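These notes concern the structure reproduced below.
Chain naming follows the written order as A, B, C, D and E, and within any one chain the residues start at number 1.
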């Protein structure tokens, strides 16, 4: 059991590192959003799974799950908001030319929220 | 002995009333509340006079754990002074605020919170409790300065807030060091535990710096003139008479009561030099002012310098000289409070009547608004320290203390200071008794409301009255504070 | 291993503070300040003070960060309209160097000496707290100190909060309420999140309030979370401040009113000020804390909502007299 | 085998290092949006550190701190998006140190 | 070299840095940031020193909790007054470099006072007169 925990926690930390590396390395705002939202949420999920067995009691474990779900919902929406903000302010230099998705009145295709798993 | 918390509860209760029920006639209710406050402080004065100082443990928890309120001779005198000045300022504000409907809406809650904080500071015996009291005073005072919402009021309020917050942080840092060194926050316990080492000296130095900023002593005074000069008349009266004194009161408690042996003579002399430079700098700047309210504000900076002279006169000298200095200093604090409040109120009436803050605009008003100018004159007499007034008694005691302890340089400073005060007060009289302006009958002057003039006169009369009945407060001031007398072994 | 963690954490805290001070761009300084608040919460955890970590996270990283961002937004909104130069670069002159350097070095040396020569404390308050915790009515020592041993400090501190909001209301010209705020853009995703996050926030706020009596938590942290929930609603587009205006005054002063009435009514039974009757300390403290949470939530929220609108016409004399 | 709580400390130490790496993006971030992204990252990583510290220091109270931080992490981002943009028209992209 | 002492030293460093910035900067918002960080430094010193070589002490932690709430209300008030000042005057710093007293220019002062008189004494409706215009320009106050 300890080994599974160690594996999960180290994987979680790995994903956190990947997320931060993504944030630093990518030069375009959009790709940074992917790096943060995906990697970190996954990292946190693995971390929570790694911690669950050594949680003191069941309610504590449930609290950990609740924390993870809240972080998921919050960071998904945050990534949408920041993407919308960047789009609205043309802050990011579009790496490979303007994508033809912006229709005449500036209404772009509705970006599907990446992992919107918040409880519907 | 439930009187002590009553003095704290009344202002807080009235603050809630004036906040929650704005449609009520808040002015008269405030004056009523102040009457109750005045009676309570008079009763407390009587009980302390009869059976000595009292300690009151809040929440029934004893000293180091809980907070204790201390009501000794000095505290009771200051409580009575605060109640008296506040009731007259409330009466004055009642009439004055008719011309300022916007300010009236939020003046009274801030007035009551300021009063509650001041009473909290006079009564407090716990260092951190003093910090929260200081913050409450600062925020309420800044709120009152910025009430009008105009550019200059906001700038003055910001300057005041930044300086005061920095001062509070300095004070809090000192409290943090003292707690880490001695493990307790109660002043009486600390006075027995404190001995001379780097941490205590550093803590007391930081607290002194913080409190000097809040008392606007010479090098750190930049925030006071715009704040007190620009505010409404009753607000500047309250600020100059009471708020600036609260931080000085804590400084005096720290050095002369709790850490009575710790102030090095050189340090005391340095504080004296700061005081002297404040007297001269304030006096000269007051002389140069074009506006009457700025003149009075710089006069406050000058008069606060006198208070700082208590430290060199009281440390390292014979107990008799030290007691004289202590009595003189505290009497000056009280006399200046009444005189300065009277001066700011009378100036407020003059400015309202004449329509301009410029001193030159006051030309020839001696015949038109004699009552306010008379109040201004009486207050000036007390500030200058001419014989019948309370100011004279205070300066006389300090002079005696300086002579008995052989510190002649302070004698020179005291006398020159009084001379300087006289110059800038007579500057106003020279303008207002200008015979040529009187003949021309220049400038139509509006009749000011009788309430404004009478309240200014009442305060000035008390300032002069202190000269005659000085024995009453002095006898109480020298009451030995509980077991460890402020200045050991001094019989009243 | 944990010492290494502490050393790196301390250095990171210092680095962030340096970032705040040396950053030319104002917005960068504010974001660094938010990071500073978060690191400070971790420092409080390492100093074995979970209460302070909770308060720092709720008030420091949460509310103060939002207030700062709002202020920078206000500055950049007007600067960009006035002149096109980059708003956030700080072009204001600097003060002469002698005072900052003296105060910095002087404070550093003074405090180092104060730490170095600290005498051994002769009075131990933690033992006293432990001895008296039984009668205080709560198990958590910090809540006991805050609401029983030193409850007068807390009473004055609520007064400080109240004064801050009274001044905020005093500075708000009546004309500003009548001016119609532009309807916020309707954002489906944000509304979805608010609908789900709000109940969670209120629930956590009440949980933290309830937990205060036996583990870290309490009125202030609960109030801060309630305020954050209200700010969230306001930002998401629901004009909370307009609804709050009606019950604002009562809500603001409710906590203080209850605290004062309890403090005074106990005196009728002959007990000293602020002494809880023997058997009821626990329930009374919780009742006061619940009211305080509500009031602190409303106060901190109105400290956010009473600010001037960003598009306030800059430079003209605000029409403050509303007659 | 190293005992449990040093392992947890190791995990929290690694996460702290990633947090500090995030500071670089705040410092260099060409535009405000990148800085707010890093602040968002701080929120999540902060929750991670708090959870691991809760195990390392055997303090269940830290889970509440993590819960509160998880809730409040997004409020700064929402404030930034909602308050930073309404008045401005499309601003020119920040000229300064474009990598 | 316990962690309490280390964080107290960090507090000292923060206080010193914040003091430097507070006196160096003129921009009001930066000075609020410096004030906040100095406050945090003071709180670190208070808790760190009180718990250095001693057991965890709830009293300074309660004091710091009170301090944090007081600091947040002071900061919020400073921000509100600063933003009111900015929306009225368009300045981000106090006018240090002009004369110290507020620039009470002549007409501004007498206008406000005049409408006070009018509201107070509507009987004396003599609007045309103006109090003797002093020659002193506002510059050399």
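Here is the rule we use: contacts are C-beta pairs under 8 Å (C-beta built on N, C-alpha and C of every residue); 3 or more make two chains touch, one makes a residue touch a chain.
Because the structure is a prediction, the values reported are computed rather than measured.
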### Query
Expressed in steps between touching chains, what is the minimal separation of chain A and chain D?
1
### Summary
Ordered by label, the neighbours common to chain D and chain E are C
### Task
Enumerate, in label order, the chains that touch chain B and chain E alike.
C
### Query
Using each chain's Cα centroid, which is most distant from the centroid of chain D?
B
### Query
Does A-C or C-E have the larger number of C-beta pairs in contact?
C-E
### Message
Could you work out how far the Cα centre of chain B sits from that of chain C, in whole Å?
### Response
31
#### Entry: Between chain E and chain A, distance of the C-alpha-averaged centres to the nearest whole Å
40
### Query
Centre to centre, by mean C-alpha position, how many angstrom separate chain A and chain B?
59
#### Entry: Whole-Å separation of chain centres (CA-atom averages), chain C against chain D
20
### Query
Can you list the chain B residues in contact with two or more other chains?
128, 132, 135, 139, 142-143, 146, 149-151, 173, 177, 180
### Message
Among all residues of chain D, which ones touch two or more of the remaining chains?
### Response
22, 32, 36, 38, 43, 60, 67, 71, 73-74, 78, 80, 84, 88, 91, 94
#### Entry: Set of chain C residues in contact with two or more other chains
2, 46, 48, 72, 111, 115, 118, 121, 124-125, 129, 150, 153, 157, 160, 163-164, 167, 171, 190, 193, 197, 200, 317-318, 321, 323
### Task
Pull out all the chain pairs that touch, please.
A-C, A-D, B-C, B-E, C-D, C-E
### Query
Where on chain C does chain B make contact in their complex?
110-111, 113-119, 121-125, 128-129, 132, 148-153, 155-157, 159-160, 162-164, 166-167, 169-171, 173, 249-250, 252-253, 256-257, 260, 263-264, 267, 271-276, 317-318, 320-323
### Summary
Interface with chain E, chain C side, in the complex: residues 2-3, 6-7, 10, 13-14, 17-18, 20-21, 26, 29-30, 33, 36, 40, 43-44, 46-49, 51-52, 55-56, 59-60, 63-64, 67-68, 71-72, 74-75, 78, 82, 90, 92-95, 97, 99-101, 103-105, 107-108, 111-112, 115, 118, 121, 124-126, 129, 141-142, 144-146, 150, 153-154, 157, 160-161, 163-164, 167-168, 171, 218, 220, 296, 300, 303-304, 306-308, 312-315, 317-318, 321, 323
### Task
Could you please specify the touching residues of chain C with respect to chain A in the complex?
187, 189-190, 192-193, 196-197, 200
### Message
For a test of understanding, state which residues of chain A touch chain C in their complex under the given definition.
### Response
66, 70, 73-74, 77, 80-81, 84, 113, 118-119
### Query
What residues on chain E touch chain C, complex-wise?
1, 3-10, 12-27, 29-30, 33-34, 36-37, 40, 43-45, 47-49, 51-52, 54-59, 61-66, 68-70, 72-77, 79-84, 86-90, 92-93, 96-97, 115, 119
